[in-house]
Amino acid sequence: MEKLLVIENLSVEFPSPRGPLRAVDGVNLEVRAGEIVGLIGESGSGKSTVLLAVMGLIARPGRILPGSSVRLKGRELTQLSQKAYRAVRGYEIGMVFQDPMTALNPSMPIGEQVRESLRVHRYCKSKAEERERVIQLLEAVGITNAAQRYRAYPHQFSGGMLQRVLIASALACNPRLLLADEPTTALDVTIQAQILDLLKEINRERNTAILLVSHDIGLAAEFCDRIAVMYAGRIVEVGPAERVVNDPQHPYTRGLVGCLPTWGGRRGRLEPIPGSLPDLTRLPHGCAFADRCPLALPECRDQEIPLIVTSDGREVSCIRTEEEVAV
Amino acid sequence: MAVWRRLFANPSAAAGLVVILLYAFAALFAPVIAPYGPREMVLANRLKPPAFLEGGSPSHLLGTDHLGYDIFSRILYGARVSLLVGLISVAISLVIGTLLGCIAGYWRGWIDRILSRIADLLMGFPYLLFTIFAMAIIGPGFGNLIIALCFKAWVEFYRLARGEMLTENTKEYVEAARALGRRPVAIIVSEVLPNIYHSLLVLGTLRMGYMIIMEASLSFLGLGIPPSIPAWGSMVSAGRDQMLNAWWVATMPGLAIVGLVLAINLFGEGLREALDPRLRR
Amino acid sequence: MKAVRILERVLTALPMSLLMLLLVFAFVRLLPGDPVDIMMGQAGNVSQAEIDALRRELHLDRPLSEQLSIFVRGLLRGDLGMSFREQRPVTEIIGEAFPATVELALAALTFALLIGLPIGVISAVRRNSLVDRLAMGFSFLGISMPAFWLGIMSIMLFSVHLGWTPVQGRLSAGIAPPDLTGLYVLDALLTRDWALLKDALRHLVLPAIALGAELTAIIARVTRSSMLEALQMDYVMAARSRGVPEWQVVLRHGLRNALIPTVTVAGLQLGVLLGGNMIVETVFGWPGLGRLVVGAIFGRDYALVQGAVMLYALTFLLANLLVDILYTQLNPKLEL
């Protein structure tokens, strides 16, 4: 499969009263065409920032550090002018946001909002065609009575419906890549499943790659082809979803998986990970997880941790990968 | 208090306060500072330009008007009127409005309905029209002016106080006080009021500038302060006839108004920002 | 159904208007000073018979309740009585003056929106820049300047000193406006009378600015703060993610939602516009309702005061109603 999105050494910094805060630190990630990749981490791990960086929506005074690279189909995005970037946004990459209640303009009809990228990128030949396409899209995401609902306002819809609308608006110009920032977090559990099914369907039928950001590794396990785990702005483990969840190598991933409630009470207790995120203005030279890690060695804190490729095709940034350690 | 620190960190608010104090000082010590009395006519010196213009002299810093009054002195005396009127009318409106608002908000029922109807009715008239009308009915005079100004002004404070009271009413500490059997008056005064007075204070400060402009407008029209007492508005009005040859007669008193009101507004805005974190509990 | 709701609103406004009429009637009677005495005093030596005759003519010899019924009956007929001083029907006088006031108020509102809205938007988009600070500084000035002083200053500068604009009035002597709407600028545009247009505008400019200055400042500040809030919203980010150009984001997504608080506040300030009318009209010699009211109150011209104040209050009510309706149009969540 061709590599659709290549993120290389991405670092994003935000100024803060205590010094520059590094939200993303040297992230490497690939998304291939038609693939579903999950980017998992807790709040503050920098995962949403990665998405914003790909979209070029890092607001001043935050900045992408030099040396970072984001390539879409081989084309470098970080150097693009605003005007050029706008041609990419909504056309080659679509984005779905977390809370559909706030991500849609309350005083604009939903049809108009779905139509927006069509209009801006001149996707269709006429306004009538645009409207037709919007109705088709709305129906495709499961909105019944789409033609009448075109002129309805967001407050007339439920959360689940609104998320479908948001997805429709992101897919309008049939982008090859969809960025999804916790698309189901703000929704009821039953609706979550529906939305995920919808996204899976879109991925299958249109071969649209999806980069999904979530804090829920269980969700990612079911939904994604590959999972990348992020901690304190760095990727700690990347690999096929099933492998990462069933045989986590990095201590943090193990901790995350250990937090999962399971049926049948296989594990007697939920094991939370002690401690909290390190200070992002003072990231350690060595492993950022070292202070909370049950397997930490003195070397972990001193040296830069290399990415170790495991036998089953994973990359783990822990020097104790593939050791025989009893967990 | 942290509030004061925040307030003074704001340069424009601090500057505003300084200017206000300057005006207050000038008003208080006018008889001492002013080179001439408020009604001291020196007809020989009619329409003299201010000291910094050609033909002016240091004895009349800001020039004289058509009657030979020294403008600078009259501005100092006029500060008394404006400051007093502004302060007193805001104070009275605030007290009455808060009182009625708390009563309406606490007890609801028919008293709330009546008071709110009256408030709506009063709000139905433009302020200046109403005040002119009121002045025309009760006649000129310092006290009457304040009454006329307060007649409609209390409504704003009423609405704010009532709104805040309604919100506080649902809160637990009020329930608790009621359960303890405390008398309503005690609840309102010692429990609720300390929590809501900030927004009322801010509103009061911001309205004071408006009141001063109202007073000036009324004295401009000849209603309000009897003409014997110098007031900035009537000074501007007198200067209107001298527009062609003595521009300073109308300009200087107006600048005095702008200076004071601007300072009050800047200070009020700074006060609002400083108190904001408390307001957004 | 929206139309029904609007009708509802109008109907609830009616009892309010009636109450106001009653109040006006009562208040006018409270004005001290016998109008007859004031009038006669100016005429010099008058006989008692003439005084009594005038009293009878003005219904002042009747009890109050009868005066009220005469008034109400006249109102229903469209007859508001005669102005003491000018010996003309009140309806005629206020009919002439009303368009002048409307024109001035509309001009001030237009000015305030044309200047205030863009300033607010730009200040929000370029937050904390020099433009922003200057704009906010000026807005403070705008709310600190009394309209009468601003008016006089502008007359001194632009009319007396520079000679660009006339000193007083609505039109120069010798220019006859067509008898269309009474709004001279509009009439000039309708009849393509460019000389009239130029003259009317030259007279309108300064009073409109003097009246509108405070409102401009308020609109600028409110627009700025509501724009700042709107631009923080998620849907703005979402629009950007679709590749929408920034100016469209600002206008279609930002301003559209920011306008709601702006309209609310601007609407609340309508009263200021209508009240401030009196001052500005007096300063500029603008022949409108405001100047009329002031003169009538001073002259104890009962009928004229009644008619003029009533019209004032009713216009105020109507304007508030219009703002309410506009507000619901902008905010789809509300249905009146």
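Lettered A, B and C in written order, each chain numbered from 1.
The working rule: a contact is a pair of C-beta atoms (placed from the backbone, for glycine too) under 8 Å apart; a residue touches a chain by one contact, two chains touch by 3 or more.
This one's a predicted model, so the numbers in the text were calculated from it and none came from an experiment.
Engineer: Connecting every touching chain pair, does the picture come out as line, ring, star, complete or other?
Structural biologist: line
Engineer: Tell me the chain pair with the top count of C-beta pairs in contact.
Structural biologist: Here the largest contact count links B-C.
Engineer: Rounded to the nearest whole Å, what is the centre-to-centre distance of chain B and chain C, using the mean of the C-alpha atoms as each centre?
Structural biologist: Here the centre of chain C sits 24 Å away from the centre of chain B.
Engineer: What whole-number Å value describes the gap between the mean CA coordinates of chain A and chain C?
Structural biologist: Those two chain centres are 55 Å apart.
Engineer: Counting only residues that touch at least two other chains, what does the list for chain A look like?
Structural biologist: Touching at least two other chains: none.
Engineer: Quick one: in the complex, what on chain B touches chain C?
Structural biologist: Chain B reaches chain C through residues 120-121, 123-130, 132-133, 136-137, 139, 209, 213, 216-217, 220-221, 233, 236-237, 239-240, 243-244, 247, 250-251, 254, 257-258, 261-262, 265-266, 269.
Engineer: What part of chain A is in contact with chain C in the complex they form?
Structural biologist: Against chain C, the touching part of chain A is residues 55, 57, 82, 86-91, 94-95, 97, 99, 102-108, 113, 116-117, 120-121, 153, 155, 166, 169-170, 172.
Engineer: Touching chain B in the complex: which residues of chain C?
Structural biologist: Where chain C meets chain B, its residues are 16, 19-20, 23, 27, 30-32, 140-141, 143-149, 152-153, 155-156, 160, 271-272, 274-276, 278-279, 282-283, 293-294, 297-298, 309, 312-313, 316-317.
Engineer: Where on chain C does chain A make contact in their complex?
Structural biologist: By the definition above, chain C touches chain A via 233-235, 237-246, 248, 252-253, 256-257, 260, 330-333.
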